[in-house]
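Sharing a structure below in structure tokens format, with a few things to ask.
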């Protein structure tokens, strides 16, 4: 294994960005899933299409749209500029890129979990005196944990591998936005960099395996607690 | 409890239409599946809104399409016991029980948790999770949870249908005692007439979304006697049995009922079909049936070509079913003395 | 039925065979792999050559010199290789993939710092005050290596970590500068001259980095190709040199 200090920075950045993207997306993902499963409203189909769009679009296209929106001439960009916040080519952009690409995966998992909640449980909760937000917090949320964990793991893993959107909207900046995939790309462009690239690839695989294992373990723990 | 209903609701091709005023503490709603019972309960509880109409409970307007009032379910204080218990799987027994209690207003809390836990025999279950409880245990917890929410009205939507027979009749005493002890009126929904006979004072019969009959369980049972596959079922709560010669002797009326499948300890509920009672004008003396009861005919009624004979002995009654010609032949009339023969094995112990 | 199955089998085999064969190199086709900064110059020079030698067509491949060297190493077809630094020519020489005897310098260039920023930038020391600077990834882009050399020699390289945006070749650098995504980029003077919005903020002093030279050579395959030999000779002609001059390249 052959890792330079810059590589360790890339690994650390990857983790930081993946965790941030997942944390940022969870509340939105939960709310979106809840809207799609338990509420009916006009334009629901449009929401579904919008949420699933990043799954089918090439990541570079997503990156480009983000660039258009958050760049100096976009709505988001001018808004952020007045607030004095820099966005393009910073780690924040990398977080948003990962969050956007991973969002459909997160929502999908949470939805699946929510759909398996018996509606009568919610009726029971209401009839026992809990208003809708109380029911949401004390019944829907706890029963969605499994879906949320599954979705988070997927999102985290996707984030670790995110390249196309990231390189467009966050650039390949060592120490700032150069995540593992971007670092590997950098090495791979050079014929002398293959062994370094392989080392980083090995790290990437190890991280993914670790996350998947963790996901299984947590899932089992939740299962055991339920059946006591 | 006073419940005034005047509602209409359409669900696809089914439509529910009900206009009635109910008052009482133990009201049953009877009907086949699809007759609209659950929809009715849901609208009363506020879980779905009727298309139009009014609902008033004890003088408070819960729903009025005209005045645009629709009180949210959490404010109606109508707790539901579901067919499938519906305990919160992520909470333990204690947390389930206290879910509604914690959300009730202190001034409304007239049910004492400790007292309820005792009445329902839940002490040993308190620290357990809900997913490995038996069907009966789950329903008791569900009942406890609903009652602890201190509701104005308890709606029990086929709470016993998912349980097997022996369990069903063990839970009924709990249902009744809880309601009596804590003075909470209930609506009891079921498709079983026997359950109605045990649980309700009045019955509303629903057919295809409409209220067709308003009666008492007993009258309903009597009216349906001839059509029912097992006739009129006499529900007998018997206790203090003496075990003699392989049979159980339960005190009943002015004498005793001799039963083969009995218990010496505690009370048991027995079912005796009206068709298993044979009437004699004179005591036959030598007869294989162990029960020979001398009774007075208190009343008679018609049921689709059959005759129901209400026999009375020492204050207790039994209904026997005979064909019309037999009643004419034997000259049975109210006031006459009859001898009723019943085999010891004819009593079916329910719980 | 039997005959249709037969026809289908024949068809599949033919399709397979077609897919397996590579088209033979057309007579008169030359594969040129050159540094990204040479794009317009080589295009024009090649056109001029074709005007004179009608039978020759060119397949051109531009990119970062390091990336191209890697491609050639992995078997990508190339008759002539023109790198933006001696490093990558030496790399292929050590792998015996180029004909040493044919190596000659093709052109020279100057390294500049260009951008659209309104901040005051007149020399290397002013770079520390900028937010983001684009450079070609030093692992494979000579322009980036020259830039890193200059940063180290002027002692500002430490201050600039976390400001450097890696580009895959010098043209991508220029694009970043043009779009304003970065304050400025290290590009060649010839690239900056093509810019529409970015302007040269300062020229990197020559003493801070090795001379920018473009060595060219025939690959081992190219050395067996008479047309390739003819073309590489032509690249040293007066006509070729005047095109280079037009685009701002230095000739010595």
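Going in written order, the chains are labelled A, B and C, and every chain counts its residues from 1.
Operating definition for what follows: contacts are C-beta pairs under 8 Å (C-beta built on N, C-alpha and C of every residue); 3 or more make two chains touch, one makes a residue touch a chain.
Treat the numbers as computed from the prediction; the structure is a model and nothing was measured.
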item	value
Graph class of chain-chain contacts, one of line, ring, star, complete, other	line
Closest chain to global C-alpha mean, per-chain Cα centroids	A
Separation of mean Cα positions, subunit B and subunit A [Å, integer]	54
Inter-chain centre distance, subunit A versus subunit C - centres from mean C-alpha coordinates, in Å	37
Where subunit B and subunit C are represented by their mean Cα positions, the distance between them in whole Å	90
Subunit A - residues contacting subunit B, complex	118, 120-121, 123-131, 134, 138-139, 142-143, 226-228
Interface residues, subunit C side, partner subunit A - complex	64, 66-67, 69-70, 73-74, 91, 131-132, 137, 139-140, 161-168, 176, 180-182
Parts of subunit B lying in touch with subunit A, wherever the complex brings them together	42, 45-47, 72-74, 76-80, 82, 84, 86, 88-90, 99-100, 103-104, 128-129, 131-132, 145-146, 149
Residues of subunit A that touch subunit C when the two form their complex	71-72, 86, 88-89, 171-176, 178, 182, 186-187, 189-193
